[in-house]
Structures are given as structure tokens and as C-alpha cells.
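Okay, so chain A shows up in both of these, paired with chain B first and chain C after.
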Partner chain A sequence: MSVRAAVVRRMDGIDSVRVGQFLVPVGVLVVWQALVGVTSGVAFAGPAATFSALVGGIEAGWLATGLRRTMTELVVAYVLAVVAGLWIGVALGSSDFWSDVFEPILIGTYSIPKVTLFPMFLFVFQLGMDSKIAFGWFHGVFPVAILTMSAMTTVSDEHLKVARSLRLSRWQTFREVIVPSILPGLVIGLRLGFNLTFLGIVLGEMFAAREGLGYTLVEFIAGGQIDRIMAIIVVLVAVAAVVNVGFFALESRLGARERTADIRM
Partner chain B sequence: MLELRNLSKTYGLGDDRTSTIVALDGIDLTVEEGEFVSIIGPTGCGKSTLFEVIGGLTDATEGRVDIDGDRVDGPDERIGMVFQDHSTFPWLSVIENVAFGLRMNGVSKAERRERAHEMIDLVGLSGFEDASPTELSGGMNQRVAIARTLVMDPDIILMDEPFGALDEQTRLIIGNELLRIWRETGATILFVTHNINEAVQLSDRIAVMSARPGRFKTIVDNDIPRPRDDDTMSTEAFNDLVQRLWTELKSESRKGMEQQEGRTVTAGSEADS
Partner chain C sequence: MSEGTLDGATAGLSRTTKVRAVQAAVLVSLVVSVEVGPRTGVVGRTTLIPLSVMVEELLGLLGSGQLTPHIVQTFAAVFGAFALAVVTGVPAGIVLWRVDTLKQVLDPYLLIYYAVPFFAFYPLLISILGLGIAPILAISWGFSVVIVVTNTASGLAQIPEAYTAAGRDMNLSRWQMLRYVYLPASVPYVFTGLKLGFVYALIGTIASEFILAESGLGWLISYNYNNFDVPGMYAAMLLVISLALAVNTVLARVESRLYQRAVA
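Let's look at the complex of A and B:
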């Protein structure tokens, strides 16, 4: 940020960005309430109705049950996506040849609407948790792999030579030299991977499941219970927001967004 | 004692590896314990290849490297390497950088701290233990790199143009520092550089490399008495030696430049020169 911009932002001792960040949610609430009025409560439940549905859901237990299921699937799928994505990204990124061969393939596969492939996941993994985990994993593994692979180009040859001359094992080189080098790009991949895994899990639950918040949401659509649907949305948004705020903090601490600004994803 | 015996290195070019480049061609050298030997040569003569072959990072096509009669096969704990530039880890502090190799080798925390502090003192970075390399100048970063190598207590220290990226004043100062460290530790140093003054300032002997294929054109003894200070550099003996090395190097540098520019030196034009 330039000095001038910093001065403009902090005029009169008020940080205008902070004010903006506060005003936007307030604006959202206002628009939300307005939409409720416009659609006469058919498509949207108001903030108050949503809140009481939220409290009701917690008391009745269906919210916690669904959330527990969704979170279990999310955590398992995400951990597997990170492990696989990191491994793929580092393996391909270690070689100019293999990264050139696989980059268009990975990006091409990443950009197809993966939801069209859900039937295959359903046939292979059946109706239970497995199909949702596999589908979430399939969403999340690509950004982790692609960003890891492109971050691998930032690993310095000199550093790798130092590692070799000090006779580091492969694992030591990975943990002590490669991971710290690629971390700024990696955290962006981890955030995008989380968001897409989350999307994949909820989509999977909405299409074919007997449990989870996505499934519960579809149930309430059938019942036309708009306030409960909104309560679920609030919970899902809260989960995504908390995780993303954490990642954003990590990214700005690592200077990730500045350094990897050329990665368009 | 470090012995290089008929070291040769040939690279294959292109996908089919049919055409080859001879980077090193029959390098022989013996470096005695405690000796400071420099290797100078024109750009692209294979200095850095030689550095990597001795350090075990690259295999020689032919020949061998021995330390006290024992063959060096791959990266070796008896050899410490100092690289050109930007080799410190920016995500670690100065002391963590220096202690890095010890930590990777399972040395206890207390011992790591003690030995790292000792080396930081030796290279003159006391007070910067907790600084980040990103906050330090290029010269200070190279001190960190030197300390990181010294702390492993190698028998032989290989340095590949370690001060190449520094300005002349800094280079002189850190060169003097290196001589002091060399005296205090009794290390054996093999120092690669393209800077003739630097080679004369530092070394006991100077090996002049030819343009590709790299071989030793001549090895010159440097009899200028030690300790050598800044005044030494204005003496006649110093300038004579610099002049002599430059004469040796000049035609090689021209050949090296022609190779860099992609002009093929045919057998005919070689005969002319």
C-alpha cells in the first residue's frame, strides 16, 4: 500500500476499510429484510425468523446432527485432498517435463463442471458417506495440486543444493526446504481446496444422501420451510467464513497474495 | 589432502543425447591440508561444474575425487560447500540458518546453540542471531552461509564465487575476514572465482582454467607473504602476479566469450589463434 493510500485510508483517525468491512454486513441485513418484504416471505425468511429457526434447530438437535455429519465428511475429504494434492503437486512440480505435461490436463479437468460426474461417484461409492467424501475430495484436490505445482517453481535451486550438500533425506528436504519455500502459494491452494471440498460435500448431500446439512436442506425445500433453510445457510456460511478468515490472516502474514498475484484462480 | 584425479565431465545435449559438451577434461589437482587454493577461469569454463563434481552433487564421467586416499562418492560430510548467492533460508533466523545442518543431523539443542553461537562470533555476526536473512545485506548473508558450512566442521571447504554478487569494497573486507577465519580454523579451502585480484589476495596457489573443455592451463604458486593486508594489494609483486594471471586468462576469456555467443570455434580457427 502506498503512503498516500494509507493516509487517505486513515483520515481523521478512522480506518475507512474497517468501517466498510463493518457496513457491508449491515447492508446485507438491510437488503435481506427488504427482499423478505418484496417477496412477501415466500422465498426469504427474515433475519428474526431465521434466528428463531436456528435456535429451534439447535434445541431440536437436527442442526447439530446434520452439522456433525457434514463436518465429518468435510474434514476427512479435505485431509485426503490436501495429502493427495500436495503429493501430486510436489511430484509433478519437481520436474519441468512432468509439470508441462500435466498442467493443462489438471487445469482442464479442474474447470469442468464436476457436478456432472456425480452419478459416477454415486455408482461407485453408494449412498453413504463415502460418495460424499470422494466427491468433496475430487473438488478439493485440484486447486491444492495446481497451486502446489506452480509454487514449486519458486523453490530455489541453491536451496536444494544446500540440502543435498548437507545430506538431507528426501523427507527432510521436503519438510525443511520445499514446504517453507512453497508455503505462500500453498496456503492459497489450501484455502481454495477447502472451499471446493465444502462445495462438493454439500452438493453431494443435496443430490443423494440420508444425512447431513445438504440433505436436510433439500428436505426443508420439499416442506417449504424457508426459515429452517435460511438457518442452515447461516450455519454453512459461518463455517466457510471462519475458515476463510483464518486462511486470509495466514496469507497476508506470509505475503502470499502479493507474491502469487499472477496465479489466476 | 584433497586429490582430483583425471576428472572429466561430459554432458549430453538434445533429446537423443547424440551431441555432447565436454565441460571438464582431465582435471588433476592436489590440495594439501590447510592450503588455500583458488580456481580462476573464464565464464562458462566449467568452474561451477567442477565445484559440483568435487562436492558430490554431480557425478564425474571419468576420474575420481579422494580425501586422504578415501574416495568421495556423493555429498560427503568431510566437504562443506558455500554457494554463490541467495543460499540462506529466508524463513529461518540467522542462528537457525547456522544451526540448520546440525539440527538435520540430530545434534542436541544445547550443543547446536553453543556451536552456532561460536561460528556466528567467528564470522562477526554477533548480535544478529535472531535477525532474518532478508534484513541483512548480501555480505552479511554470505557470512551466514559461511558459518552454516563451518559449523559442520568439514575437512575441506569448497566455495563457488561466494562474493561474486558483492560490491568491491564489501568483497575486500569479507575477503580479509575469510583469511582470518581460515587462519583461526586451519581449514583447507578450494575457492572458485572469476576475480583475479581476489584469487591473488586469498590463495596459496591459483589454478587457471582454460575455456571449454575445462582443463588446468597452469597452476601458479603465490609467494606473496602473509598476512596480506590492503597495502599488499598495491605492491609490485601483487600487481605482477595479477598481470601474469591476466595474460594466462585473456585468450581463454576471449574463447569463452565466443562460445557464450554461440559462435562455434572450429578446428581451423583454433589453429589460427
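Let's look at the complex of A and C:
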């Protein structure tokens, strides 16, 4: 292949990637609409029906109420997961010995199906918001702690020595030395932590709750209100997409290269 | 110099032993507290029961055969979904690795795939397919397949240039390249994807059974919870967690063996 051909191909590649990325959502919509035709007779809702259920849900208030409840639980659980995960990760990661001890234990716990433990959260925290927050926290804290811990290896001993000789307080060392060094690895942990907290909250609501979008999802099965189920899914996907796109932008600004999609409940 | 390395080696050895010992201590104290906590009343008996009671209950249920249909149901769903994920995911991964433009187009979407709280689709699938194994197979397949696709694609892309060059020097055909160079060389990487795919299929099955189903181990936990059968619930929980840990340990062992062989 000549150099010119290679260049032309490369340029074509870039353009077609952009166009292709734009076409993916369009393709999803087309397939979704096509499914309406195929499944005629079976209960199913196309894009138009879903959109009107979405608008109707906002006007009637049930969608906004559920969303507010779910988002409140999500934000509280996520903040707690980040604080605890950061603390655990920094504390264990500052010592080679303790990180060697706890890394396999944390990763092992990370890979069991946490959903089975939800009844224990219900026993302790009852049916209200608390159990969902605790369960979401339990999902989110592991990736934050694990990725913080492994990012701590990038903190240079020299920098810590300088901090010690400058007599920086623990908080100052954390803020001025540790956080800037671990940031690229940390943001990945923060993203995965958010995704898992979100999953935990929705799972918890689906199993035992009286409010929230997860609860509404299961409620609508009995009534066969597929358009409303789809409307909720659209809202949940939109929340996840917006937050993750924000994280991707942050990650590429901070130069976090390693992009893993691996999450485990 | 030689003294220094010797020192380092013995220090490293005793350190490894120390790490192992502390790990064992942490795990033992965890197990002991699950046993002692409920016995001494530090944790209420309605919240947690002693581990020995869980084991006893589990062995009783296993012996009486009451668990068998649920084990069969869950295993059928997990292995079914995993088989589907392999059959669809590996070829899709090969295509993605071959057609670079397609990979670039789909990359951001594949990353965002697992960001979506996936089980939100389960009520939709139940509404369409009805309650039973079909929606569970569908959701577990969906949860598992993408990690297989992405790991197959990135695994094939990691093959050292020297291997492909050697294959090309031997004038291998496209098919021969795939059969004798790419696939064998990518086994460890692809296996990582399969390992995660299996774990995801397991999680997907247990979680959907737990939310809403008619049988299965996940269903049994939620059924016993709803019927205040605390020992039965913990027995099922113990079984699921032990199974998950065993599967993880075995697959991780096989994986590290494959990587060692690839290096050797």
C-alpha cells in the first residue's frame, strides 16, 4: 500500500469514526422502532410511546418524585462511599505491608454477588432510605478503595520526605502531595464507584422499597405498563451517560489512560 | 552485593509469610465473629445467626434434596447464559479486532455499557418474555457478553509483533494465521474475558432471581427473607457466596497458569 493511500485511508478512518459514533444512537432508535413492527400484538412500546410516557410521567409527577428519591439516595451513598473509600485506600496504601495484606481480601469481597447480602442490610437499616443508601455505599466503596490503594504506589517517597521536612500536617500532606499524585488513578475509581453505587441503589429499590425509580419499575410489571418501564429506563440510562461522559472528559484531561469497563457487584 | 541480595531474599520470604499470616488472621477473625457475635448476643439473632447454624441448616437442606431443583435452575441459567455469551461474544470480539474503525466507533459505547444500572432492563424483559428462565437468560447474557467481546478484542490486539511476522514469513493463509497464531497466542487474554464473563453471568442470574423469579438460589434467599425463615435464608446465602468464591478461586488459578505458560 502506498503512503498516500495509507494517509487517505487514515483520514477516511477518522471521519467514518465520527460519523459512525453519531450514527450509533440513530441506529438504536431505528432498531427500537423496527421492533415495534415485529412485536405487534405483544406488549411493547416504541420510541414515540416511551417519549409520551416520559412527558406524562413528569407532568403527573410520579417520574419526578421517583427520580428525586433515587437521586437523593444515590448522592448520599456516593459521597459516603468516596469518603470511606478514599480513607481506606490512603490508609492501607501508605503501607506496603498492609496493602499486600488487604488487596486480595478487598478484591475477593469485590467479586462475590453482593446482592445476596441485601437482606442483612434490611435487617439492620429497615425498609426506608437508609437500607438503600447503605447498600449503594457497600457497592461503591470497593472500587474507590481498591483503585485509591493501587494509585498510592505512584506517590513518590521523595515527595513524602519533602512534606515531612516541611512539617506539613496530615491533611496538608493529603491535599498537597497525595491527591495530586493519585488523581489519574483515583478518577477511574470514582467513576466505577459511582456506577456501582447507582446499581446498588436501583437493585435495592427493586427488591424492597416503597418509593424510587427501582420500586416503580417493578410496580409497573404487574400493570403491564411497558411504556412507563421504558421511560424509567431512558431516565436511568441518561443519568448514567451524562455522569460518565463527564468522568471521561475529566479522565482524559488528567491523562488517565487505562480505561477499564470491568465492574463487579 | 551478593550479601545484599541474599538479605533481600530472606527478608522478602519472611515478609511473604507475615503477609499470609496476617491475612489468615483477618479471615479467621471474620469467621469467628460471625460465629461468636450472634452467640454472645452482640448481634441480635434476628439479624445474624452463628455460622455453625448456617452450615448445619445448609447441610440438612442439601441432604434432604430440597435445594436440588434450585441448584439445577440456577446452574442451567448461569451456564446457558455463559455459553450464549461465548458463542456470540468471541466472534464479535474477533470482528471488532479485525475492523478497527468499528472498534473506534463502538469504544465509547462499550465503556458506557456497564455504567447503566443493568437490572433496570429486567422488568422490561419479564413484561415481554414472561416470568421464567427466558428473561434471566437474556439479562445474564447481556450482562456477560460485552466483557467477553472487549477482552477478546483487546487480547488479540496484544499479540507480539514477532508472532505475526513469523506466521507471515511462513506464508500462512488468513485462516491459518487465525488458527495457528492469533488464537493460541491470545488464549490467556481471552481467558480473562471468559473468567469475568462467567462471574458476570453468575451475578446476573443470582440478582435477577433475587428480584423476581419462581425458583433458583437467588429466589430462595428472597423467598426465605419474605417468609421470615432466617436460617434457610442464611443457608442459601452461604451456598451462593461459597460457590462464587470457589468459582473465582479456580478460574483465577487457571488464569495465572495460562499467563505463566504464555511467558515461558
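Just so we're on the same page, the second predicted complex is superposed on the first by the 238 of 265 C-alpha atoms of A that agree within 3 Å, B and C clash if a C-alpha of one lies under 4 Å from a C-alpha of the other, contacts with A are read in each partner's own complex, and residues count from 1 in each chain.
Here is the rule we go by: a residue touches a chain if its C-beta (ideal position, glycine included) is under 8 Å from a C-beta of that chain, and two chains touch if they have at least 3 such contacts.
All values reported here derive from a predicted model rather than from experimental measurement.
Colleague: Counting only touches as set out at the top, which of chain B and chain C does A:237 meet: first, second, both, neither?
Modeller: Only chain C; A:237 stays clear of chain B.
Colleague: Which partner chains sit in contact with A:206 here, chain B, chain C, both or neither? Use first/second/both/neither.
Modeller: Touch status of A:206: second partner only.
Colleague: Have a look at where A:122 lands relative to chain B and chain C in the superposition and call it first, second, both or neither.
Modeller: After superposing on A, A:122 lies in contact with chain C but is clear of chain B.
Colleague: Of chain B and chain C, which one touches more of chain A's residues?
Modeller: Partner touching more chain A residues in the overlay: C.
Colleague: In the overlaid three-chain picture, which partner chain does A:158 touch, first (chain B) or second (chain C), both, or neither?
Modeller: First partner only.
Colleague: Based on the superposed arrangement, let me know which partner A:37 touches: chain B (first), chain C (second), both, or neither?
Modeller: neither
Colleague: Just chain B (first), just chain C (second), both, or neither: which does A:112 touch?
Modeller: The second partner, chain C, only.
Colleague: Within their complex, state which residues of chain B touch chain A.
Modeller: 52, 55-57, 75, 77, 79-81, 83-87, 89, 91, 100-101, 104-105, 148, 152
Colleague: Can you tell me which positions in chain A touch chain C when the two form their complex?
Modeller: 13, 16-17, 20-21, 23-24, 39, 42-44, 97, 100-102, 104-105, 108, 111-113, 115-120, 122-124, 191, 195, 198-199, 201-203, 206-207, 213-214, 217-218, 220-221, 224, 226, 229-230, 232-233, 236-237, 240-241, 243-245, 248, 259, 261-265
Colleague: Considering only the defined contacts, which chain A positions touch chain B in the complex?
Modeller: Residues 156, 158-159, 161-162, 164-168, 172, 176-177, 180-181, 183.
Colleague: Touching chain A in the complex: which residues of chain C?
Modeller: Contacts found on chain C: 15, 18-19, 22-23, 26-27, 46-48, 100-102, 104-106, 108-124, 126-128, 146-147, 150, 196, 199-200, 202-203, 206-207, 210-212, 218, 221-222, 225, 233, 236-237, 240-241, 244-245, 248.
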